[in-house]
Structure formats: C-alpha cells, structure tokens
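One chain, chain A, links the two complexes that follow: it is found with chain B in the first and with chain C in the second.
Then we have the complex of A and B:
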C-alpha cells in the first residue's frame, strides 16, 4: 500500500501490517459526508477454551458512511453522538479504549480474540491537523473519563508514552508519524458495572433487544475475565476506497469459569452463562449472528455437541488455525420457528483428557525478581513454541519513573546465548514527568524461550507522593508484545466485509502469518515506604511548623523597615494627577 | 554490677503483665469483620491424605504424577520444579548428602484479578507417613477454595520435598535469585508478589491442639498480626493453641503463672537466638513475606478436633488474608511472646539489653578516664599514651597488632577450615566426614585458646600495664559494638551473648586471681553458651538431657549451625566465628598478658 512508504522504519511497518489488503490510501477530500448510510452488525462468538472454561466475545460494529472529520455532521442515527462529536472536536483519527478486569491467561486459554491489558488502556492516533497533541490528549482522556465513568483522567504525562513501533493505525492512514500517537495504561483501574452501563448505552439497541440482552452485569462480573473495548477507526467505504467510512466497534469478552458455577461439569448453555436466552435480533441490525467454535481437536470427531442445530457451518482460518464454527443467524426466520427463544447449548461428549493443553505459539510471562527494597530486576520470558519458524517480536516496556532502570544491565538471552535486538528505542524517564519507554525488536528462534532482564533501583518518593495505601505496592503497567506469528496453515485472502467480525480487526498482511498482540501481567512493586504512623506524622508536622515559624520569624528579623511617607491628598490628589497627565504637566 | 543485675531483672520482669500488654489486631482489613467459614470437606481431606500416603509409598518419594493429576483435576494450574543440591558435608541427623527432589505446586487463579498478589499454603512432604494428612487437607481446601468466587489474590498450594531445602529451592526459583548453590530447573508459573504464607504440618486424623512457630531464619519474625490472626481463629473455633508447645494460663497474677510465661519467653529467646528457622515458614521472611508454621499436635488431651474444624480455621485465615488491601505492616515486627495473647514490644525489651551494654560502656569509660590514664580523652589516651607513660615510649598501637591479627586469623580458620579440611581429616583419621567437620571445629576452637598467649611479646614495648589496658579497651569496644549490632538484628542472640560475656569481659584482668577469672572466661565462651543453651532448652521443654546426651546434642548443633549457614545463609555461625570468637580471644589475651 502506498502509505507504507512513509517513515524510516519500513521493516517494522511491514511487520506490523499497518493496513490490510482491503484498505487503500484515501485521498484527502474524497467523499464528503453524504450522511445517512449506517449499518450495524452484531455478533457473539462462543469458544470453549482448552482449560475447560468458555469465552464469549461480543462484537457490535456500527459503520457510518460519513466523514466525521468535516465536522459538518449534525444528524446522528446509529453512531453514538457523544463519540462522534468527540472524534470531530479533538481531531481523532483512531481511538482504542479497553477496560479490563482480570488477566487473559494465554498459556492455558490460547490467543485472546482481542488482547487487552488488565486495567484501562487507551491509545489514540490524532489527525495531523491537530496543533497541540498533548492538549488534545488531555482533553480527550478527560472527556472519555466522563463518558465511561472510568478514572481515565488520571492519564497524565507520567504514564503516557509515544511508542515508535508497537502501535500502528489499524484503519485508513496516510502517514505513520508516531508523534501523533499517544498510549497510556492504568493498571490499577478496576472495571465494574458503572463502566458497563455507559458502554451498553452506546449500542443502538441498548440492552433491550438483540444480542445485548445477554449483557447482564450480574453475570458478566461473575466470571474470571471481563474486557470491554471501544475501537473507532476510519475505513474504506468500498473496494475502490474513494470515500471514507467510520467504524465503531464495541467489543466485550468474558471468560466463564467452569469450576465456580458448574460444579465441575463443563457443559454450557447461554442460559447458564448469562441467565438469559436470545429471543430476537436487534431490529436495527443488518446482521446478527452467533458463532460457536466447534473445531475438532486432534482429528478426532466432534467432541462437542451443540443444540439446537445450527443454521449453517462456517469454516475459517483464525489465528493460524483452521476452525469450524456453528452459526446461528438470528435474522433467519427458521431459527425461532420451533421455539420462541434460542438457548445454545454445548455438551462435551466425553470428559476432556487432562493436561493435553496445546500451548499457543507465542506467550510470555513477566515478574519481578530479587528481594529487598533497594534494587530489583524485571524479567520477561517470551516463549516461541513454533516447531521450526523463527519470528521477530516487538517488545514495549513502560516503566514508571520511580523505578530507575539501569539500561546497561539490559540482557536478552535465548538458549543461553545473547540475543542482540535489531532495533532499540529507549526514552529515559524524567522524575515526576515522564516514564521510561523501551521498545525492542527481538528475533525469537524456533522453539525457544527468550529472557529479557533489566535491573532497577527503587526511588524514594516525597512523602506527599505516596498513595493512601503505600504498602500495597506500586503498579508497573504490562509490557506489550506485538508480532506477526507465522501460521501453520496458509490463509486465503478473504473479503473483510464478508468474514465474521472477530477475524477482521487486525488484518493480515499476507497469507502466511497473522498478527498477535499480547499483554503480560502487570507487576506490583514495593517501594521503600516510611512508617506512616504517628511518629512519622509528628516529624512531618513539626518540620512544617518549624519551617513556617522559622521562615516568618527570619523574615521579620532580617527585614529592614522604612517609614513610608504618608501620601497626602489621597483620591483628590490622584484625580488631579490624572488630569495633569492629560494636560501634559508633571504630576504633583 | 548493679547495671548487670538491673538488666537481667528487667528481662525476668518482661513476663509480667504490665510489661507485656495483650495482643491486639492492628490491621484494619482483618479486624472488624469475621468471616463465616463453611469448609465442609473434612472426610475428603482424610481420603486425600490416605491416597497420598499410599501413592507416596508406591513411588518411594513424593508422588509427582499423582499430585499433578489430582491438582489438575481440582482446577488448579499445576507446575513442578525439580531441584538438586549437594551439601557441603553429609548431614547425619537427616541422612542426606546429595539431595534431589521435586516441588509440586498448583496455583488457584483468582477470578478477575491480574495475578499481582498471592498467598501460599505450603505443606512439606517428609519421609514416612508423616504429614500426609496435611497434604490431604491442603487438597481438600484447594477443592473447596476453587469453587468460591471471592478470591482477590491467587493462592499457591505447594508441596515441597526435603522440607527446608525444597522450600529454599522453590523460593529462590520463584524470586529468580540464587543465594545458595541450589540448582533447579523447569519453567515456573508465577503469581505476583506473595503477601503471606502459612506452612502446615499435620500427622494425625484428629488434633488436640495447634502449635504455632514464628521464629525464622536469623531470628526474623513475621508481623505480629499474622500470629494474632491465627490466635483469633483458634479462639473462634474453640481450638487449643500453643506457642513453644506451652498453653497459656488463665491466671495471670499467680507465681506459677509467672514462671510458666517466663519459661515460654525463655524458650522463644533460645529459639530465636539460635537463628535457625523453626519451620518451613522461616525462609519466607527473607523475601519480606509474612509467614508462620502451624503444627497440628495429637496428644492425650480430652478434646479432639476433626479435619473439618481444622479446615475451617485455615479457611478463615486465608479469607482474612485475602481481604488484605496492603501487605501486613501495621503491627510489630520485633516482639517477644511470653504467651500467645501477650507480647513484649521492642521498646520494652531493649532496656534489658541496654543495661547489660551499660556495664561495658561504664567499664570503657573507666579504662579511658581512670586514675591511671588521667583526664585525657579516649583517643588521646590511646594514641598519645606516651605523655602519661614516659617509661614505655611507644606502647599501644604496634603491640596491639599481633594479638588482633592472630585472633582474627584463628576466627577465619574456624570459619573456613572445617569444611575445606574434611577430606584431609577423613583420610588421616578414622572418622566420617560429618564427624570430621565437627571435630575439626572443636579442635580449632580449643587450639585458638592456646595460640596467641605471647604474641605481643614478640614486639618491644609489649607486656606493660599500659599494653593490656589498651588491649582490653579495644576488646570491650569491639564487643560492645558487635553485641549492639547483633541485638538490633536478632535481639535474642545479642542478649544471650551479652548475658554471658559481659561479666567475664568486664572482670578480666591479668593481675587478679587467675584461675577464677580463667574459669569465668571459659564459661563465657560462645561454645559454652551454646552448650548451656542446649541444656536450658531441654530443661524448659521438660525433658532434661543427661551429660552424654547433651554432648551429642552439642555436636549436632555445631554441625547444624554450619549446615544452616551453607544451605540457607544463616548468620549465627559466621557471626560467632568471625567476630565473637576473635573478640573473646582478645579477652583471653588480656588474661594471659603477663
């Protein structure tokens, strides 16, 4: 694609597949907002996980054939006005917000349908017409904080970074100047009902009809993982790509635990998961489907039994693996013929054999090593379990300033040998201003474990900088791994519009690999903490009092006093002076 | 003298109620609400325990595959960690030399948490049928915990082989450090920062009481709140709980009750002073993880409790720990326990030590500013001594060097030679390696006393009054400094050494009644202190040891001390060998000055 020529890091861009096959460059000025064409697609993907849990991923895609950038749009139909105005006002080109509670366990659950770090994550590409990106970013995060009822207003310069290679625009882009990108993670953010409700309100049908009736907070938070996200990006309106459409994707991923609610049984139904069943599609939706992953494992015939009989069966290559899906089309009238509601049920035909988990090709683990409160080490283990293919991965580490990284101790070891990264971008921290940013491109040999370690020193904070619960520890945001993982099976080029939604957010650049973005666990690091009990408070207080008293006394004692001559006349004199000034006569 | 008596008196008074207030829960998250325990699987725990015992017998060690399968079936993430360690010399009491083992653990992932914090329940897999009930209870607890949704922290269920060795291997691997020469392998699952740990030991189907062990490596103690938590749940479930194997008495004012709590206190001081972990929890403390060991004891008491009650107690503790918002930090880290419900805080017990050290300080100031030396300051007295002693022109510094060097060389030999020389010793004498190490240790120790008698006479100017006083001054300063440091880190060790060494150190004099002083000095050597400590310990536990048995225990303790240092990095042995022993030799030198 044409836009890929921009930027010095051609290699990286190619790796990340900045844009998909269906997307081309959009000329400026092409396709002004004709306004009305909007379409909603809703989709639910149910996927039994290798460990016996079930993942449910909702995707709602609103596509609007209007150009928000013009700012002339006033009539909103399906696209939520709050977001549309925000995009227009702040000059946003692309916005990705994810609020997650829990941690996607890649090792046992496989690759996530849509990765997200624990806590809140926000990354935004701004238009190149935005004069002050930092200001727009600040305002944007504050507005989003209000819309989603989340503490996004805590995003400031100490946790914002500008990655150079890890995050590329997912939609249409005619330039990848990374200065227009801002990225921030709040690992401490707790996600709960108050974040879900505003998210649901953005849906055209609310939670009244369609798939959204299943979104019952009480059940969604009775799970092991909950992640909700909003993605806004510009896309091509059609294959010729002469006009721009805006796409809003709202995704929600939940993992239900078979142990806490199923009492050891691993059979599932929609009712058991959500305590609701489906009765109809959202009337505004042009497509409304439920996919159930029934891919057979190890060539054995169906382990899973799904009832009722699906309307069709869809085969696709997703994340390098051939998968079979049972599809229920809620818009097809035959589905609700026999019964009034749809309650998809999954039954295991025989118990799963233990410990035959297929580990995903790429997974990672991060931890703090060492003991004591002075120094420590952050270690990241990256596994490549592909039997014969090596591939590169971009590692992004954001470390708060109060962990002072020793960059000379950075070591990358694969199979006992040092592994030299082919690209390193390091931006040192500034105390109380900016976090550390470390980006590396590392080649992972086939079937290997790579260990990346870097030592740090724990800084002493000022006494007002400690959180109210300093002994809880301080969070370090997860590191981000972005990679094009070689797939085992060749993928066909498919039309993005036709394929299911879950397969189309990260388009692959060619048929032999697929894009994966993984997040490691956040870290909790203890800093040296004073004993904030009475003696400490007394010391702080007395110091303050002494300082204040001493300062004012010193001021009093050293100041020389002059007797000021009382000004005679007061108001009358000043008036006279004004008049004299006008007359050009020297004042009294 | 008065100060010394005051110091000891203060210590004895610490068991009295006014100095030992009642314990209380400081942590907000654990205090206000009680959880309602519902653990129902007492029978299941016993069944698991029997299965485990059978499998262990079949496998002849820890049944790794069975444990993995069972834990996986319970819905835990299972990992194993093989480790190997060659001891510096064979451990005779436990019969091991080249140790190979495997730790198996399962992680219960807390729902909707990002694995940043975790709790540990560890159970040692020891030899024989010992402790299989603990494994059973742990598995039953895991099964029950897995079905609950309120967990906010991951819980690690760990079965460690070869007790402390396995624990050390696991902790080192988890924190990715290598403090000792432990080799371990295998990819590890981790669960963030460990907030607290409980080690469980249980060898019978029913228990009559629970004993809690708090003393860890180098005398480190867990936060008092963790002990309080255990105590609170024992009381809630009506379980009898003991510390140092001693029940607390309800009457506080009577003399027998005072004697009882004093015994408990002394036991704690002896155990803490030994610097040896009193259970698997002891090694956690290095990593700033609060931990205790809980031992189920089945004796001939009337009331017996089944596994359900025991499980409920543990469930309650874990749920309370799960509620923690911060690490345990509110309560005391330095304390002594005369009983489970009373504690002596650092502010109260430090004066006892202070009085003892005061003796040394007074003696030092006497030596410095005494009538012989005149009013000169300390350094003036030492360096500018010629002003006051025109008859010996350059005493002091040079004369002091040989004894200092010789004493420290002896200490270094004591530290290094036993382990290095074991091969040579076994070749030349008909002893086993472990015996060789211990006997070399004693030999060097005794030889040290004979060595440096006349070292100072090699130089001119030695042998004067001025010389021995300077030497004594130096030795006292040295002793006072090292005892104070020791008492800050491990109060009990510092106090025990101070209590024995201070009178002898203060009294030693080359001109006095030499046999008496020599006997006093010999009685105060660290080795004799250790021997006396062993006898006192057995006496307090109400199983007095005979002379021969005491000697055997003494030898064992020596070997143990060495092993503890090499295996877990315990500090008492190097401290005694490199600092206290040379200091004592200096005093011996003073005695043999003429």
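Then we have the complex of A and C:
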C-alpha cells in the first residue's frame, strides 16, 4: 500500500528527479578528444583517514559523442566494444554495476566517495522502447557475468526488485517510469583478481600507461575495502544539451590498512601502497591528475606534508566539507623534470594523538536480533548528527522470501516517540518468486537516532534449495539509504566538470545540500537446516533390517535337519584332547 | 578476343571461346572451362571434410569457413605504441565504399554484420628480429602461428550474437620495431605484408615511415591508406570463403568482378558448396539424435521436437531434389531451413540424457535392498537342485 503525502515527499522526489537534466548542463567539454569526439580523463584521489589508514579512489571517465540507440553504432575507438554492443543490443539507458569486498565504516571514515554494498550490485534503467524488460534484464545480467567473470547469472526474479523512489536516473532522462528500472544485489559474491582483470581490460590504455599502472592485484586485495564499479549513462554533449554523449565511468576505491601493510609508522607513499610509481600519463587521456587531500583539521595549520611539490593547490567543497587538494598534473611537462617517476609521499608533521573524528551527518547500522530458529527481528538504527537541521531519508529494504516479514510489527521510534513515515511502498514476497520490498520516507529530526524494527519468521526450504554450506547462513542484502543531506558549509554552484571526481556523479541542485547514498551491513541469518545425511541413513537402515529379518525368517522356515555322524574332529579338537590328556580330564 | 587468349570468362556466367581448331580441341577447351567454372569433386570433398575421418584428405581440406547462418566481421586496428603514433582510420567510409558492396552480393549466403575497434598497447606474441642487410625487422614464416595468440584475448567476441567472428587486424608496429616485414618460406618479404589464418581471419602489417626530422614531435599523426588496406582484406575474405581462383590453364582470362568482389559463377560455387555442407550437417545431426534415442530407451520426445525433426527431413529431401534439378537458390534456402530445424531439435533442453536414469544407476539403488534378500533364496534354490539331482541318481532309495 502506498500512502502518498505532499510536502517533503514531493520536494525530495522532485529534487532527485529533476536534478538529472540539470546535471548535464555543465560547462563545455573537457579537453580535446582524440578525434571523432571521444575523451578520456583519469583521476586519482588520495585521502588519509583517521587512525592512519588511507583511501585511494581511481576514476576513469570515457566520454563518447555518439548515440548508442539500437544498432546505430558499430565503430568503436576509446569506448570498449563489449560494453557498447551490450548497451545497444539490450536497449539500456543507464547501467551501474559495483563489485565490493569489505565494508566502508562510515562512522570512523566519513562518507564514502561512492558507496557500494558488499557483494555485487547491479541496477539498470532501460529505454522505453524495450518490449520485454524482464527478458532484457536476464540477458543483460548473463552477458555481464561473462564480461566481468562474476556470478551475476544468479540474478533472477527472487532477488530483483523494482524500487519506486530510491533510484532515480543519474544521466539524462525524460520521464521516469519505474517499470523500466531493475535493481538486484548479490551479497554473497566475492571479488578477486578474476574480476579486476576484465575491468582493467576495458580501459583504453589497459594497465600499461597512466594511472592504471598502479592497479596491481596483489596490493589492491591486501586491503580492508575494495570496490570497483562501472557506470554508463547518457549526458549532455554541451551546455545547450541538443545532443547526447555517452559516459563510461570506471571507479575503483581501496582502503589500505596501516596495520596490515605498514610497519607501524603512518607515513604513506604511492610505492608503499601500490608497490609501483607513476611514470607517465596515458597518451590517450586529455587529463590525468592525482589529488591528495591535505585539508587541515580544526582550521589549524596543515598536519600533512606531501612531497614532491604539487603542481597546484585546489580548494573545493565536497560533500559539505571544505577540502584542500594538492594537485599533480601528469600532463604538465614540469612534473617529470627532476625524476622520471612520480612517487607521492604523505608525511605527518605532528603525531595524530588528538584526532577529532568528525562524525558524518548521516550514518546507519543494521542488525538481527531474536533467539531460536523460528522468529527474529531486523533493526535499523539511523543517526542524524546535524545539530539543528532535520531532513528526510528514503530507506529501501529488500528481504528474501524465506524470511517472512510481519508488516504489522513495523515500528519507527525516534527519541522515544513514534515516527510515522510520510510514504510507504510495500510489496509482499511470493514464495520462490519475488522478495519483499519495503520503501519508506522517514523524517529524521535534528541530532537524533531513529530505530526501525520489523519482525520476521523463518521458513523451511525444500531440501534441494539449500546451498552446499547451509550452516554458514543465508544473506540478506544491505539496505539503501538515500538522502539530500544539508551541508554545514554553503557550497557554490561549482562547475561540475571541473571539480575532482565524485561530486559530479550525483545531482546537486543547489548549494545547501548534497546527495548521499549509504548502504548498511548485510545480515547473516541462520535458517532451520535439515539433516542432509538422512536419505543415506534411511537406505542403510531399511536394507539392513530387511536383510536381517527376512534372512532369519526364511532360514527358520525352510531349514531342513538331518543327522550328522560324529567325525574324528578337526585339528582344534585334537589339540584340545592332547591338552586334556595332560590335565587328566576325559577327552571330548 | 585479344591475341593469345582462347577463353574469356565473364562475370555473369558466360564465357567466350575461340573456335577453329577442330571439334576435339574444342571439347578439350570446354572440359577445361567446366573445370574452372563448375564445382569440382575436390570442392565437394572439402565441403564434407568435417565428416570424413582424418588422413583421407590433404592438408588443404579444412581451410574454408564452415557454413553458418551469419558471420560477424570485425576490423581491429592494433596500435602498440600510442605515444609515438597517433593512428586514425576512416573505417566507416572504407566499409561503406569497399566492403559493403561485397557483403551485399554475399547476402544470399548469410547475414553479415560489421564492426570495428581500436586496441591500444596490443603487442604481437613474437619479437621480430633485426636484419642488418635490409635494416628492417623481419617476422619469419615459422613464427607466424604464435603471433596471434596474445592479441586474441583482447579482441573480444560479440555480446549480441552467436555467429562466428572473422577478425581482420591492422597492426602498426612500434617506432622501435619499424619497419616490419613478413618473410615467407623462401626468405623473401611478402609483397602485401599480410597473412591469413583459415577459419579465423587475417592480419596485415602497416609500416609508418620514420619522420623526416628526428626532432619531430611525438606522437606522429598517421592517416591510414584505406585503399591499400581494404584490397588486402577483401582478398583475404575471398580466401577465407574459398572463392579464390586456383591455377588457370594458359590462354584463359577471367574478367575482373569490379566493385562487387566476386562473379556470379563464383557465388554459385559457394552456394553449392554450402548447400552440400548443410545437407551433410543435417544428416549427421539427425543420425546422432537417433543414436541418442537408442541409448536411452525411456526418453520423452515432445511434440514440437518431433515436428522439427519431420520438418528437417522434409527440407533435406526438398534440397536434394532442387539440387538435382539445378535450382540453386531454392536448394540453398531449403538446406538452411533444414539446418535450423535439426539444430533446434537436437539442442532442445529436454533431450539432455542426464535427465533420465541410466539403467546402471537403477541397479545401484535397488541392489542393497534385494541382494541380501536374494542370497538365501538362491542358496535354497541351489540346495533343491542338488537334492533333485541326487534323487534322480538313486531312485531305488525312495521308500
């Protein structure tokens, strides 16, 4: 049942929806393409985190001035042919695929540059000319599973949902019919080198030149968090937005842990993180930059020193915070004058004992409670740490069909009082066909904790539906929180093409708030598991009982007796007689 | 007819013969002509090559592409050194001008789709060696089989269709390995600097002249001469399909087919070979299906599978009848339908033989139950037989 209300809902949906076209009206195209209107930009952002870890985020943006409608284009230059043909053949308008290993700790690390849930996430907007969206979705997930060597072919109707409010198109869109959107998460999916290699193959320079030389698997997977993503969307070609270009963004975020990779010192360098240094920019790239976040904390002097000297310093407001970046432009000739390789080193000027963790404005946790194998309760805690502003958040929960939710037990409590959501969309599950879908728009008061709880009952599966390791448990996909968070500092209407990285993937309509999408932890739930050795036990027992019983009865009934003459006896009898003679006992 | 030419073969199934030396000479010339134009027995044997066991045919037997409903042609430009060479090719124009007319003519045979891509940092699998006399780099003939392997991983296959792919690669060697020539078996450089691999595609090496002044700014802009490149690729396409011309007898001259790429009678030969191959494929498929049915006695054949099989058999008979009458186009259509039906019938998911219990598995399940019960019965049966035999031997003991 969907209960709509005016006010915050309309405002939020309008902002999330209408900001799409507004996004594209950016400044003129960045740099010169390598002929025929294709351009590649590569960026790397290094951000030191509290507690000595460092986050590195790569972004490779290929922009192609062509129209990928069905069958229109077949000649590719920078854009990879595999993805271009797939988008054209299946009528895809937008495609977002993320493969993540690990969990981004929002409370201690702040907002992620681009969040992604643990496992594999795929969400796609199709063109409205597609006749059968489900068939196209199935073919698309199978082909992507082949391209990226990931088990995306397990995406089927039992883990696909059609959200109505949480996922709006991030590229150009005219009209948003939710029947064209599909969203699926595979929380059990593991990411490894096999998935990194085809991802690197899609880059025009491969991993031979530019920033991609740093992407070596043995260092990248030795980390606390690894996320690689592919985003394809249509954007405006220029400010007048008369023609459409296609943008392929490949992002990779990795967090290096100071304990596992450092020797106790908290100094970082490119060589220490990736065991490689940069030697040149990709010859096909129109822009190739490394950004290092040297923002001072608490408005004091900088504590972070970077060597060699950066080519420039850039200030921007990113995700509501004023940040200062030291920029290394790999295309400027002065960078490689002194040495042939660039090894950016970050050194702390003072020890970081007094590290004030700035908690992010919005963060959330989710957990399962209850006892036994019959019932349980899912609880989500959403924290709003803004001192005086309240804002709404859309919560999307996808629960598999074998955890039967009781919607009448859904309670939302803020500061001890009940909080009624202004919009609820609930789609109940169908056994073995569809999962539960629950979407709510919840207003979070300032400086509060909201607890959303719902009770469920565990179902008994058929014995062929269990995985080979059923006692590991069954995963529940992470829930998604989408919100326009008010920023503490007013943001200028920055030229989105010029700002580094991730501020330009999400819409930002005005300077007072920024869009955040957070994912909670996946849950692991034990289902009642039968004893799988029973069929073997039954066969053994039945056959033994039948054999013994039947055999004995048959023998009793059909045995014939006849007289036997006493024989001289075998060897044992003779030996026994000998011993008896010695003892003086009569023989047998 | 010009001097020295006795036979002139046109491009539309007609030929001009110079007569005048008597009937016997004329007959000999006519025989030679039919050898050139019509489908010889070797072509038929080559079409059936996949079904004949090894050893009976020469090494040239498996050269031509297998008959299929469609083909995908991919042109790839390999640039291993984008820092030195900024290569650009007008592939859209070249495909429209040179390749599309040939594909239009071949559209009777199959559906074609063309695409292209540019791959950077794609290196050949073999390091060429430097030859001091010609001051150039050489790839010897025996290292050619190893050239393609590492590149093939990057070429990719189409996400949209299941047709076989023909790859045509244009390789621009690195500045440090320029100029690069391919050597044939005798050691002389190949004039077109290209080679093809049967049933896969072809590769051509495009050398870029070194810049006039050593201080020229890198990267050098290179505009590929598409005429030269397309000549080679179209010739390789003809070789791959088997439309090439064998040795012509002396005094024969064949008219050049112009922009269309192949003459009508060459197309007829191709259609004929493909028809024969299709018929053979259908025969093999249906025979395998029958063998599968023999193996598993309780397999269930659905109605639509059965109707596909009937349709395939009817189409094959049609195709053979049309071939016997000489109507090539309809025979080819019938054989294509036959192949489609038989493939659909054979690859139906319900025919998977693992779905049905083989007999030995049934034995394995029932033996632990019946064997212990059967042992006392068998023993007592043996005892009865023994007693009966004893009684027969001593009839006088019965009271």
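Throughout what follows, the second predicted complex is superposed on the first by the 499 of 588 C-alpha atoms of A that agree within 3 Å, B and C clash if a C-alpha of one lies under 4 Å from a C-alpha of the other, contacts with A are read in each partner's own complex, and residues count from 1 in each chain.
Assume a residue touches a chain if its C-beta (ideal position, glycine included) is under 8 Å from a C-beta of that chain, and two chains touch if they have at least 3 such contacts.
Computed from a predicted model, the values in this text were never measured in an experiment.
Asker: I'd like to know which partner A:224 touches here: chain B for first, chain C for second, both or neither.
Answerer: In the superposition, A:224 contacts chain B only.
Asker: Can A:554 be said to touch chain B (first), chain C (second), both, or neither?
Answerer: A:554: touches chain C, not chain B.
Asker: Under the stated touch criterion, which partner chain does A:206 make contact with: chain B (first), chain C (second), both, or neither?
Answerer: Second partner only.
Asker: Thinking of the overlay built on chain A, is A:77 touched by chain B (first), by chain C (second), by both, or by neither?
Answerer: second
Asker: For chain A, which side has the bigger count of touched residues, chain B or chain C?
Answerer: In the superposed model, B touches more residues of chain A.
Asker: Using the touch definition from the top, say if A:539 reaches chain B (first), chain C (second), both or neither.
Answerer: A:539 sits against chain C, while chain B stays out of touch.
Asker: Touch test for A:89: chain B only (first), chain C only (second), both, or neither?
Answerer: second
Asker: Which partner does A:307 reach: the first (chain B), the second (chain C), both, or neither?
Answerer: Touch status of A:307: no partner.
Asker: After superposition on the shared chain, which partner residues are touched by A:469: those of chain B (first), chain C (second), both, or neither?
Answerer: The answer is first: A:469 touches chain B but not chain C.
Asker: Which stretch or stretches of chain A touch chain B in the complex?
Answerer: Residues 52, 101-103, 105, 108, 118-119, 187, 221-226, 257-260, 263, 354-355, 365, 367-373, 377, 379, 381, 449, 469-473, 475, 521-526, 529, 531 of chain A touch chain B in their complex.
Asker: For chain A, which residues count as touching chain C in their complex?
Answerer: It is residues 34-35, 74-78, 81-82, 85-86, 88-89, 143, 147, 201, 204-206, 208-209, 280, 283-284, 539-540, 542-543, 546-548, 550-551, 554-555, 558 of chain A that touch chain C.
Asker: Give every residue of chain B touching chain A within the complex, in rising order.
Answerer: That would be residues 68-69, 72-73, 75, 77-78, 109, 111-117, 146-149, 175-177, 187, 189-190, 192-193, 286-288, 325-327, 329 of chain B.
Asker: What part of chain C is in contact with chain A in the complex they form?
Answerer: Result: residues 82-83, 86, 88, 91-92, 95, 113-118, 120-121, 154, 156, 158-160, 219, 368-369, 372-373, 375-377, 380 of chain C touch chain A.
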